[in-house]
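Below you'll find the structure, written out as structure tokens, and then a few comments.
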């Protein structure tokens, strides 16, 4: 009943084959590893200098999402990233990297600052998702995520996004709309956590592993589906095994992506970014004759 | 010791003469008259249709400052104004026309909407001032007033502002930066209330009348000082004596001011608006010879 | 964390254990024949409760008869992940299409609203909980394209439990894709009016639906990123009965208005007038700008009664 | 309502009845000789209390010796309203000039900060409570003009009780005038760093001072539109001891950093580096970008110690 392209058939075959079964769950675990490097770990290694941009100029400073002016290979950039926190006190302060609307408002402010000065924007995506609390909702969590996505769409400066841990739902996407989107080998990126998916579709959060196999939050799947532009390698065993080496690999990838994004005019870049996301999605065409069905 | 221009000497002479003594205090009373028409009274009479724009998309809807899309002589405009409220319940709900930061955030949002569609902005200024409460301060009252002024500076659409009652301090100015600023005959406009000025300079709020004579919040003074572009007449006895007639007079003035503002290009308009406010202020030059002193 | 979920919750007390007939009012227990309810725009005559409205019926409610032209009709979900949970995604799609007669949870097209042209995108909660996947994203963009190409306003009516998990990351990307379409409208100065029906949650409210130049909600609609159950289960916080409801959202600055369904078409007509180009008016008169003759408004009198003068008072509250 | 006032308040307990010597620490009662305090950047060696700093001394603290060139020096208030309260405005001006040696409450100019050029605007609270009138507005704009003309960053240091009531409406207009100057900088992509010293209130914080691309405050500075006394008297609300203080403002999202005076010059050097044009770096190295040789930082060691690596940790908290 639905006619699909060769490309879709190829994708279906790949996912039906259920290759890399073990790798899927390993990625989920590595992406959430307690020692996995966070945004600040990379910032320390990638930037020769930095000044933190704090506050949303409206309500608070959300430490789950940090922003900074930073010097990257001799040029100034605006860096934005989720920050989970290393020990319990820092994790609590940073809400485990789950931003409130104030965090996204800070991100928008940072993008606007980059735009005023023509500085490229680099983002580091690592969040279980936006914080799902009453106060966050009351202060407009949904609308602020939408406005953050819009700010990234509107930016005419180069934007390079890197998924470095958990790319959790709208809370991640809010700072992940870029000219180039990179994803570390063991990072995950998905519309919902495996646990959340399992709780809803399997009616049992314990089926997270099964859900992860079904919906494939892996870098490989994201690349195949055209959602990310490149996979960034990690040291053997995961980024936490050698943070300096992980940073070098990420640095190389960002530097190349940035050079690509900088190679076109601002207007072309903005149009191309929008066009890239416009192409995302896979669909077929209703076919009354029943030919070439799923 | 300070050399001043002929213009300044002329101004000093005018104010030293203390003309219109009685008119000063009468204006203060008429501007605050319980029956004085408010923004909505004029909106009903000036606009053939309207849709209220509510909310700041961040924290709340501040009813002390209202915004609307409205049809004005066949064209759509964005109207923004303070609204005091007529009875006690409405006054309490509208905080006597004293906005919180959310009100100014709504104003900024309305200006941005006008900017997207090229709609002129009309403002109606009538507030004792921004609300001086703990919550308002904690949510960034000062910064939001600054950002509202900035939004009005940045707008490239025509902006016509009318002071229709109390033009109180930064809370008024936040929506009073326009290509043309009109002021009703009996409106007042000042950096502080007469009571506030008296409390600080005379150490006695009861000296408000004396303070008002000294600092002249009247339309005549504002015109002489180059702060407003035109005085709009009111019916005999004040705008409340014949609201329809007051609205007709205001309509005429706004319509002419709007036509003037629309007669130049967007870039010229923006530059001219900034230049106009840049010229504001009166100063002399230090003169070691002691000639032409104050 | 699971802020995006398909099976959205109803408010406490709304849902009795066991089944309830869809035409029985959950609020006052009045029961209606389907044609009765349809004629009343699916608003309870007794208590004003707003029942859900399917996409095609919603189009009938707001678009002038005979003017709707659908676009993107033949687009269908293609299941690139070959997704299977308790049931295959393809089975769920088939069931949804059979149940609703729709190809996906959003219907796009163009039409006239009280005489003025507009592009239209209307969602249907009955199709897999109004979940947003690739087809919805593309159809929304096609509606935006039509608005852009013809320079006419876009109107959307949303009802969604969030993103469609079966398309995982591609579903998430529809948020960026649809926001990009809104960005294009903004850049071109094309108006976008977003109407939020019960429930609009998850990825839909966190993308295009929140970005209308004007955002209007239906009374009592649940409008939140995370639903109240997710909030309570994840954070241990209690949610108030009005958590995320339209009226709370209005108070909290997220909406321009809460408009009862019976007044919705009139409000849209008012907005389309306000967003229409300037017209020369005859010699200083301030009368209302003329509207097409014979225009009527569902559930109300002639248009000019509604559009005649400033109606700010009615919308406040 | 009187949100703008000239005589700003001190925190509770700060002010004893009777007179206190200006070089006695209000916090720990340590007393200093003036040259001692000046050498310590007017920071109490015992408890870290930040004493007020005059405009010229502040310029000495942050601008490289011998590089400051003042502009707008001859501008003086002209008293167009012929204003008289308990004393004539002209008398107050004369007293203020004699007491401070300044022509008004803001000194404008250009100079170098750790080797990099910048336009400078520094306020002095001792001149009529740092109140903003026509001369301050014009001088701020002249500094912004210099930044614009030479494409160099603007740095302001504010300390103000608000607008100058004696110039009434013209004082209010300085808010619009100075914001217009900031708007020009923004349009041209010229950086503006705003440093808020105790107290920055009223019309100054509600205009240019809040619009820095970067906004930094000194510890414990009172930063609010209305002062605590006005809030309490007008609304009947109680204010907490940390009401409006720099640390509260940081928590409430209004500041990028609270920087102790001893680190201020180093932070400014860091920011001027970050706002300087991109430089080609040698073959993939990520070492710090070179700074002028011999650059030193007041109260600290050589520059490279401070600028060497990411300093995020220090500024947090």
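So that you can tell them apart, the chains are marked A, B, C and D in the order they are listed, and the count of residues begins at 1 in each.
Convention: a contact is a pair of C-beta atoms (placed from the backbone, for glycine too) under 8 Å apart; a residue touches a chain by one contact, two chains touch by 3 or more.
Bear in mind that the values here come from a model prediction, so they are computed numbers and not experimental data.
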Original post:
Does B-C or B-D have more contacting C-beta pairs?
Top reply: B-D
Original post:
Could you state the distance in Å from the CA-based centre of subunit A to that of subunit D?
Top reply: 39
**OP:** Would you mind pulling out the distance in Å between where the CA atoms of subunit B average out and where those of subunit D do?
**Re:** 29
Subject >> Centre distance in Å when subunit C and subunit D are each reduced to the mean of their C-alpha atoms >> reply: 50
Subject >> Touching two or more other chains - residue numbers and ranges from subunit C >> reply: 210, 252-254
Original post:
What residues in subunit B touch two or more of the other chains?
Top reply: 57-59, 139-140, 143, 147
Original post:
Which two-chain combinations qualify as touching?
Top reply: A-B, A-C, A-D, B-C, B-D
Original post:
Inside the complex, what are the residues of subunit B that reach subunit C?
Top reply: 40, 43-44, 46-62, 66, 68-71, 73-76, 102, 106, 113, 116-118, 251
Original post:
In the complex formed with subunit A, which residues of subunit B make contact?
Top reply: 57-59, 101, 105, 139-140, 143-144, 147
Original post:
Which positions of subunit D touch subunit B when the two form their complex?
Top reply: 1-7, 73-86, 90, 94, 103, 133-135, 137-138, 141, 163, 165-177, 179-184, 201-203, 205-211, 223-226, 230-231, 234-235, 237, 239-240, 243-244, 248, 252-254
Original post:
Quick one: in the complex, what on subunit C touches subunit B?
Top reply: 186, 189, 191, 210, 213-214, 250-257, 267, 270-271, 273-276, 278-281, 284, 286-289, 307, 309-312, 315-316
**OP:** Using the touch rule from the top, collect the residues of subunit A that touch subunit C in their complex.
**Re:** 1-2, 4, 8, 11-12, 15-16, 98, 128-134, 136-143, 145-147, 149-150, 153-154, 168-171, 173, 177, 189-193, 195-197, 199-203, 211, 214-217, 221-222, 225, 227, 274, 277-278, 280-286, 294
